[in-house]
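Presented sequentially are two complexes of subunit A, the first with subunit B as partner and the second with subunit C.
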Partner chain A sequence: MKTRGWDIIVFRGVNIALIGFLLLPIVVVILFAFNSAEFIVFPPEGFSLRWFHKFFTDPDFMGSFFRSLKLAFLTVIVSTGVGTMAAIAIVRGKIPGARFLSALFLSPLMLPAILTGLALFQFYVIIEAGRTFWGLLIGHIVVTIPYVIRTSTTVLYNFDISIEEAAMNLGAGPWDTFRHVTLPLIRPGVIAGSIFAFIVSFDQFPVSLFLVNPGENTLPIHLFNYLKYSFDPTVAAASTVSIAMSITVVLVLEFTVGLQEYVRL
Partner chain B sequence: MSKESKKGMTRRTFIKTAGAAAVAAGTFGFPAIVRSAPTELNVSGWGGTWSQIMKASVYPAFEKEHNCVIKTDTAFPFAPKLLASPKSKPFYDVMHANSNDQWKVAVAGFIEESYDPKKVPHIVDLHPFATSDKIAGIAAFTSAIGLGYRTDKTDCTFESWKDLWDKKFAGVRGTYVITNSLGTCAFMMAGKVFGKGLEDTEAAFKAMEALKPVKMVDFTGTMEKQLFSGEVIVGVIHDSAIWRHLEKNAPLAFSVPKEGVLALEQVWSVTKGSQKKELGYAFINHMLSPEIQKIAVEGMWYNPANKNVQLEQKFKEHLFTTAEQVKQLVQVDWKWYNANEDILTMKYNKIFQAR
Partner chain C sequence: MLSPGLLLFACFFVLPLGVMSVLSLLSGNPVNDPNVSFTLKNYLKLTEDIFYVEVLWVTLKIGFYTAVFSLLVGFPLAFQMARTRSKTIRTMMLMAVLSPMLVGIVVRTYAWMTILSDQGVINATLKNWGWLTRPLHLMYNEFGICLSLVHILTPFLVLTLTGVIGRIDLSLEEAARNLGAGKARTFFEVTLPLSMPGIMGGSLLVFALAISAYVTPILMGGFSVITLPILIYQQISGVFNFGFGAALGLILLLVSLVVVYLYHRAMRRFARGVGV
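Entry: the complex of A and B
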């Protein structure tokens, strides 16, 4: 059946409208960041870089920004490693109660994160661990591991196991089979989970609220505190920097690893 | 036997000797080491500008005098964290919060509600609002919640809270969600203005219904922004939020209606289970000293609790500093409000729910 021209126009128009609807708030935040006005106003009143200058020269903002980055990278490393191994164990390990384990690992997604944060806080109080960077890292890992497990188990369930069997028939040991056959084929799920883990950790607020060490706030906590007394576009500048960073990460991954294939899980 | 041992000093004996020397030095030096380790005082406090002022101008002198380090938790909310910690090992030694949160932890038995002048000497220099029966702890500062308005968009000077309800301001007036203290205060003031008193919730709910259409915000900063941008002509706001923009010559003014302004107190309290109570009392006394009050007042435009603070004229002109002026401060019974919070929040949200 021949598709009429107007079908394509409507289809593309709806897609552009939807993408525009999703991206417009980001564009508005970026406009606020370059606004010269003292407050967040729309439409912008002039062009200025002063809010970026304020963001980059404020030690509290910079401290919290790099702290959030460090936390996010460590979270990705641990969540990806542990999450991938857990996914393989659940799908391939023939463990009794694998479905229960899967539900247990994914349970942090079903709880409001603020309850997870409060529960961990109380646990640390009981064991007298105090609030440390490592305690905060554990909190972030708890809420990001489900994403890695979820995406990794998806690719593992769709995995053709005969490929592994073929490799082993040809003499590859279990470790070589995993390294050269299994891992490259499940990489889309692992990378997708890692990206989610990074985003969730960097933007994490409710868990961090209870677990940050005094004086060592993460960026979302610092932004929230800042808004109590100031409502100037420094917040928008901080958000713009975060958006630029996320876009840069995606572009770097695209040029090095190539993401197009990995979008298809 | 090796060459080294023949000489009398082997690696093994050297390590043993050095280790023993280190232990001896540590044993003799232990009191010095213990003396020099500063005590940590865990407090809660606001972030942003407040935190910068505290770290730069308020904490250093106290830390030096008392050989301590003040560790401030700025990740609000504070009350749930204190409540989640054991009473014998509270999360904070000193809690700084607004009155509503102080009452929550006071009712749960976590903090000392009143203080001995022998432990906090400056307490005798305070205005009555700082230690009234409406306060659990000691209020070191307060803001005054009144009406902020655009002088270029209205001739009304808001002599009464009832002016906020004037039909000509429909859709261009602002208030808060009830979970924000300013929203709670405005709600209770409606009970006083239109009913029998702050706790006349029936009158207050009727007044809220009559206030619609109104712009609702959840942050004070949002109300400031709306006033600056002209989205609202008049809004419920605390005086600090207007006066700190004085030098910008913005067309903004703050009204003290005839029915009074509500006090938004900044309260400090020592936790009952703290192992550093004496240090906590000293810290609160430090916050109440005229010199420190002056720093915080000039940095934040808060109203001081200490009667003896010497301020510049521009602050005296706008803030509540004399006995007559502070009489205009209306204090909310937060203990009563907290006990009824759930039902009041539910009913308030029903009035303002989006349809």
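Entry: the complex of A and C
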């Protein structure tokens, strides 16, 4: 048996500590969500669901929670549709400037999101549109489309175009080929993109910051405003609910379509 | 197929950025001021007050420290993820690195507040044990901001770096060992230089994200540290100075574009298809 050198042992120890550093805050948040004390104390004092009760009965928290959900659902629907169509056009369309177009569609990822929010806000003020739900929705769509395009183009580049040609040669029209051949093959990439879009929209802060109407906060904005003045564990309960939600979405999709294969590095 | 996306981006991304650039060159807000003229005063204002120069300096400093410490945290993780032969270990590490990304930035910043604040986990525990009489000031300063930014941004660096280290040809390292180089020498003279594109790319990405962060600096800094995004928000929402806000936005845009350019140059030197 090969003996392991001390350097390997130290290296692994360091990595376990680093993973602990990455996971520690999540553990702390979940711990405090179930803690009965008003203030953060360590070690935790007792088990309680009072902060969850406060979160689920507070009209401000609930209002912003459902607004964020609605926003995220609408964002996913539009950006998945528009993004997938654009991805197909870029990869298959043989259009001039395909590289430029893909750079354009990915650029909201490269630029600071806070600037996308700022520029849209100033634009809405100039055209006198103000801060509306629809304006906010458009902002979310613009910053989530890059994720859909990236995952869809990856799948499109990786699949064998001759499968489509075979369908066409066997007499399928362009629409039938798309529906019965192309779409099922790219579905995993599209789904992965829409999960990213959902999470990015639901947790979105910098774009919402400028665009949200003060009376109609999204959940991240409401949490942020709440944290500026109070520090009680209701925020921890709200966080635990959204963590549980994200994990559920990812796990359900992992087991139904096998997400991991398609979220490539 | 392309037109809905193109139309959307033209109207709600390119055009607004154009409007912002024009606004930064105007003397007032064209909506309520009919006598606006072109001027450079919004940019000159930056050089007139030492406060603005300091804001810029603090922002870049936070970006730099965050990038350096993210690299120290991220490199060992990326190295093991790229090199482990066990699929289980790789999957588990990937999950551990990615799972913080499922948690929103507000929540992750809140988590660090509960740990580092004067009544937080660390201070409360140390006081309980009788090791402290006065709390340690772990937040409301640049240290707290950088620590939470490192936590929030390290996953981005790990993803970039793992791809690059994973594609290093192992036979190069074996050749160095066969020629008599020790483990350390092989690492510093073969592995590290070959990882350089990933190191540069990942750190630049973290730097770009750190200088444009808003939530973390404001909550961890407790309003005592002002960075460029905080100043931009104050100018727009507090003072309604659209022109100056737009000029500050353009400066942030310019710095980010330079960083993105350097990032692409670093990544292109290495391989195609490794991107974030």
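Just a few scattered comments:
Assume the second predicted complex is superposed on the first by the 224 of 265 C-alpha atoms of A that agree within 3 Å, B and C clash if a C-alpha of one lies under 4 Å from a C-alpha of the other, contacts with A are read in each partner's own complex, and residues count from 1 in each chain.
As a convention for this text, contacts are C-beta pairs under 8 Å (C-beta built on N, C-alpha and C of every residue); 3 or more make two chains touch, one makes a residue touch a chain.
Quick caveat: nothing in here was measured; it's all calculated off a predicted structure.
Placing subunit B and subunit C on a common subunit A by superposition gives a clash between them.
Applying the stated contact rule after C-alpha superposition, one finds that A:Ile138 touches subunit C and leaves subunit B untouched.
When the shared chain is aligned, subunit B comes close enough to touch A:Asn217, but subunit C does not. Once the two complexes are laid over each other on the shared chain, residue contacts for A:Phe231 go to subunit B and to subunit C alike. A count of residues in subunit A touched by subunit B and by subunit C gives the higher number to C. After overlaying the two complexes on the shared chain, residue contacts for A:Glu38 are found with subunit B alone; subunit C is out of touch.
Touch criterion met: A:Val125 reaches subunit B and subunit C at once. Of the two partner chains placed by superposition, only subunit B is touched by A:Ser208; subunit C is not.
Contact with subunit C, but none with subunit B, is seen for A:Ala86 once the two complexes are overlaid on the shared chain.
Aligning on the C-alpha atoms of chain A brings subunit B into conflict with subunit C at a single listed stretch, 78-86, out of 78-86, 258-266, 276-284 or 294-302. Residues 39-41, 118, 121-122, 125, 128, 209-210, 224, 227-228, 231 of subunit A lie in contact with subunit B in one complex and with subunit C in the other. Against subunit A, the residues of subunit C that register as touching in their complex are 1-2, 4-6, 8-9, 12-17, 19-20, 23, 30-31, 73, 76-77, 80, 91, 93, 96-97, 99-100, 102-108, 110-115, 117, 119-121, 124-125, 128, 151, 154-155, 159, 162-163, 166, 183, 208-209, 211-212, 214-215, 219, 229, 232-233, 236-237, 242, 245-246, 249, 252-253, 256-257, 260, 274, 276.
Subunit A makes touch with subunit B in their complex at residues 38-41, 60, 118, 121-122, 125, 128, 208-210, 212, 214-215, 217, 221-222, 224-231. Of all residues in subunit A, those touching subunit C in their complex are 7, 11-12, 14-15, 18-19, 21-26, 28-29, 32, 39-43, 81-83, 85-86, 88-90, 93, 95, 101, 104-105, 107-116, 118-123, 125-126, 128, 138-139, 141-142, 145, 199, 202-203, 205-206, 209-210, 220, 223-224, 227-228, 231, 235-236, 238-239, 242-243, 246-247, 250, 260, 265. Interface residues of subunit B facing subunit A in the complex, by the touch rule stated above, are 42, 46-52, 71-77, 80-81, 84-86, 89, 91, 219-222, 224-225, 228-229, 248.
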